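By written order: A, B and C. Residues from 1 in each chain.
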Amino acid sequence: METAVSHELVRMVIAAVLVIAFVFLNAMIMGYLERKISAHIQRRPGLMEVGPHGILQLLIDGLKLIGKQLIVPKDADKPLFRLAPLLSFTPVVLPLIVIPFGPKLQVRDLDIGLVFILAVSSLNVMAILIAGWSSNNKYSLFGAMRSVAQNISYEIPMLLSLLAVVMITNTFSMQGIIAAQNKIWFFIVQPVAFLIYLTASFAETNRAPFDLPEAESELTAGYHTEYSGMGFSLFMLAEYANMFVVCSIATVLFLGGWRGIPLPLGDYGPAIWFFLKVYGLMLFMIWVRWTYPRTRFDQLMNFCWKYMIPFALVNLLVTAVVVKLI
Amino acid sequence: MHQTDKFIRALEELAASYAEVDYQQRGYHVEVMLTGDQLRRFAKLMYELEYYLVFVSAVHAAPALEGRYQFAHFDVRSRILARVPVGDDGSLPTISDIFQGANWHERETRDFFGIVYRDHPYLEPLILPETSVDLKPLLKDEQQLKNLEEICWPPAAEEEGETSADQEKS
Amino acid sequence: MPEPCRPDSKPHRFFLNMGPQHPSTHGVLRVILEMDGEYVVDPQPVLGYGHRMHEKMAECRPWPQFLPNTGRMDYAAALPYNHGYVALIERLAGIEVPLRAEYIRVITSELNRIASHLLWFGALLLDLGAFTPILYSFDDREQILDILEDITGSRLTYCYFRVGGVSKDIDDKFVERTRAFIKRLRGRFPMYEKLVNGNIIFIKRVEDIGIIDADMCRRYGATGPVIRGAGVPYDIRKSEPYSVYPEFDFEIPVGSKGDSMDRFLVRFQEMEQSLRIIEQALDKLPEGPFMAKVPKKLKLPAGDANFSVEAARGELAYYLISDGSDVPYRLKIRVPSYSNLSLLPEMCRGMLLSDLVAAMGSLDLVIPEIDR
C-alpha cells in the first residue's frame, strides 16, 4: 500500500515531533535538576511545593511563562526582537537529528554528522547577537558582544580538540566514531582533547564560570534582559538543549557513545547508557556552576587564546604524528 | 600628648584662635576658630600634617551660619574641630581640591543649609532631589533659632569633676 | 543607540545607567557610568534614593526618642549605631553606665559586626558570580540573628541600647548559645577558606583591583576596613577606646597593598578578632545592674560634643550640638560608607565594568546609611 517515500515522510514527522518534545522535556528535567541540585549544594531543600519534592514545579512554571505577556520595549527593533528567541531555538533542535541515542535510535546518520552539528550549533551566536542588538538596551548589547566574542573564540579550541579524535577515526559519522571506540574510549587516548573540549563547552553554552553574557551582577541579565514570558523561556530551553548537545558530542567522541555494560532491555539498553553519560556530564556542569565565581572577560579571552588554542594545536600535532606512525 | 608642637606652631602662624578642650567632655581635642579666609590655608595645613577629613557640616545659629569641620589622625590620637562663620554672602571657600572627600560633604551641606562653596567643581544637589533646590531642611525658623552663645560650652568650662564620671577610659 | 554625549566627552563614549535597581548596587545606589567600550571612564554615584533626613528628625524629638532611628541607617550592623548615640548622650549628661551593661553592649555589637561581615562576604561573592557562599554565610548569620532576637526583640533594626544601659539583661541561655556559636563559626572558617580564599578565579578577580592607598583614604576620609586594607592599623576601638574595649586583647588586622583582596582578608580576619572579644567578654562578664538611673526628662547641658565608634564599615561619628533643652539643636551623623563611596570615581577610573563591581563590593556599602 504505502510507498517508501511516504514511509520516510512519516518517519521524519515523527522524528521532528519527538525531537522538539524532547527539547522541552530536557529543559524541564534539567530545570528541575538544576534547581534541586543547586539547592542541595547550598544546603536548602529547594523545590518542595508542587508535587512530591516539587517535581511538578517546572510544569507549572512552563504554564506560567506561556501565560505571560510578551513585552516588547518601545524602542526595540520589533521584528528582530521577536525573531531572536525562535532563532536561538532552531539551531539546538537540528543537531538532535544526528545524535545517536542508540545503535538504531537515531534520526539520520549523516556522513558529516559532526560537521553538521558544529555548523548548526554555531548559529546560536547569531540569535544572541540579534537579541542583544534588537532590545535597544546597553546591557543587552554588552551581553551580546561578550557572547559573540566568547563563542567564536572558544569554537576554535573546541574544533581543534574534536579534530584530534576525527584524525584517529577517519570519519565524521557519529556511528562511525562510536564504532571506532569498541576497544577503548577516546577520553583515555585523548585526555588533553577531552579536557579542552569540556572547558570550551562551558564557554560555548554560556555556563558559569564563563557565563559572562548573562552575568547578572554586572549586566543584570545580559542579552535576555528585556525578554519576558516565552521569549525568555525559549532562551532557557535553548541553553539547556545546547548543554545537551555539547554533552552528547562529548559522550559520542570521548565516552564511547551508547556503549556500556549490556542491559537486558534490548535496543533500549544502549540508549540508557547514552543518557546516563550525557546527564552525568550535565550534572557536572551544574556542579561547577554552583561552586565557582565568574571569570572576567579579558581573563576568559586570554585563557582561550594563550592557553587553550596552543595546547589544542600541540595536541593535534602530536595526534597527527602518532596516527601517521602507527 | 595628643598634639604635636608643629601643629600648634602652624596654628599660631595662621593667627587662628584655638583652644584645647577636655576630650572626656567633648570627644575632640582642639577647637579651632577660623575665618573664611583662613579656611583653605588651614585645610592645607591639616593635609600636610596627615590628618584626614571626618566630616564637613554646619549649624544654623543667630548671627550667621557656621561651618563645622572635623579632622582626625590615623596614627596620633588627635581630633580637631574647626568652626568657620559663613560670610555675609552665604558662602565659604571649598576645600574639595585639598580633601576630595569634602566634595560630597559640601554638596550635602549646601542641600541642607544652602551654604555656597566657592570654586566647588560641581555644586549640584546630592542627597535632595534637584527639584527642591529651595528647600533647606536644616535651617531653623525664627522661634527655634538660638544665639551662638546659647549652643556653646560656657567659656573656660571647668566641669571636669562632673564629666570624669563618664565611662570613657582614654 | 547611545544617549547624546556631553560636549566635552569623546564621541565614542556613552553612558550606562547602573541602578537604582541593579543586582550589584545592593539597595538603591545609582551609578552613572561614562563608558568607553567595557571600560569605565568616569563613574558618578547618584545618592538620595533612600534619603529620610534623620538629622532633621533628630531635631524634632526628645533625646531618647531618636534611638529607633539610629538602628535604621546601617541596617546590616545597627548596634554600633545604637552604641554611638547612647554613648554620646551619656557623655554629655555625665551618666555612668553599669559595667555589666557595657559588657553586654560590646558582646552584642561584636556579634552584630560578625553578622554584617558575613552578609558582606556573601554579597561580594554574589557580585563575583558565585551563588553558593551567600547561603552558607547566611546560615551562620541566621544563628546570630536568632541569638540577638532573643534578647533585643528584633532581628535587623535593633533598638536595644538605652541611655544608661541596655533594655534587657542577658541570661545564661544567651551566654550558652553565643559560646556554641563561637565554636560553630570557628569550625566554619576553614570551609570558607577552602571554598573561597584559595579559589584561583576569585583571587584573579580581586587581586590588584581597586587599589586604595593611605593618602587616598586621608583625602577622602575613608575609614574602617578600607584604611586597614591600605596597611594603616586605624581602628577607633583602639585609637580612641570607648566602652570597655581597652580591657580586651585583640588585634587589628591590616593589609599591605590596599586592593580588594586586602579588604577582603581584613574583614575576614576581623570576624575572628570579634570572636575573640566576645569570648573574653563572656568570660569576664560581671554581675550587677544592666541599667543606670536616668532621669525621666533628660536635659543636656548646652554645648557640642562628638562621639566616634567603630561601626562595621568604619568610623561612625555623632556630632551633636545641644542648646540645653530636651531636644537636640543639631545632630550631625557622619557615616563611614558615605566617605568610603566618595572615592569610587577616583578608584574606578579606567577599570573594566566587572572590576568596578568587584571593587564596589569590596567597599561593603550600605546605601540607606549613606543616604540617611
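One rule holds for everything that comes next: contacts are C-beta pairs under 8 Å (C-beta built on N, C-alpha and C of every residue); 3 or more make two chains touch, one makes a residue touch a chain.
Computed from a predicted structure; not experimentally measured.
So, comparing C-alpha centroids, which chain is the farthest one from subunit A?
B
Using CA atoms only, can you tell me which chain is the most central one in this structure?
Centre-most chain by C-alpha means: C.
So the centre of each chain is just the mean of its C-alpha atoms; given that, what is the distance between subunit A and subunit C in Å?
Between these chains, centre-to-centre, one finds 44 Å.
So, what's the distance in Å between the C-alpha centres of subunit B and subunit A?
63
Give, as an integer number of Å, the spacing between the C-alpha centres of subunit C and subunit B.
24
Which residues, counting only subunit B, touch subunit C once they are in their complex?
So the residues of subunit B touching subunit C come out as 24-28, 47, 50-55, 57, 59-60, 68, 70, 72, 74-75, 77, 79, 81, 98-101, 103-104, 112, 125-129, 137-138, 146, 150-154, 157, 162-163, 165-170.
Going by the contact rule at the top, pick out the subunit C residues touching subunit B in the complex.
47-48, 51, 53, 55-56, 59, 87-88, 90-91, 94-97, 102, 214, 217-223, 227, 232, 234, 239-243, 246, 301-308, 315, 317, 319, 321-324, 329-330, 332, 334, 338-339, 342-343, 346, 371-372
With touch defined as at the start, can you tell me which subunit A residues reach subunit C in the complex?
Going by the criterion above, the answer is residues 38, 41-44, 136, 138-139, 141-142, 208-209, 211, 215-220, 289-299.
For subunit C, which residues are in contact with subunit A within the complex?
1-2, 14, 16, 22-24, 38, 125-132, 135-136, 139, 195, 199, 201-202, 204-205, 352-355, 357
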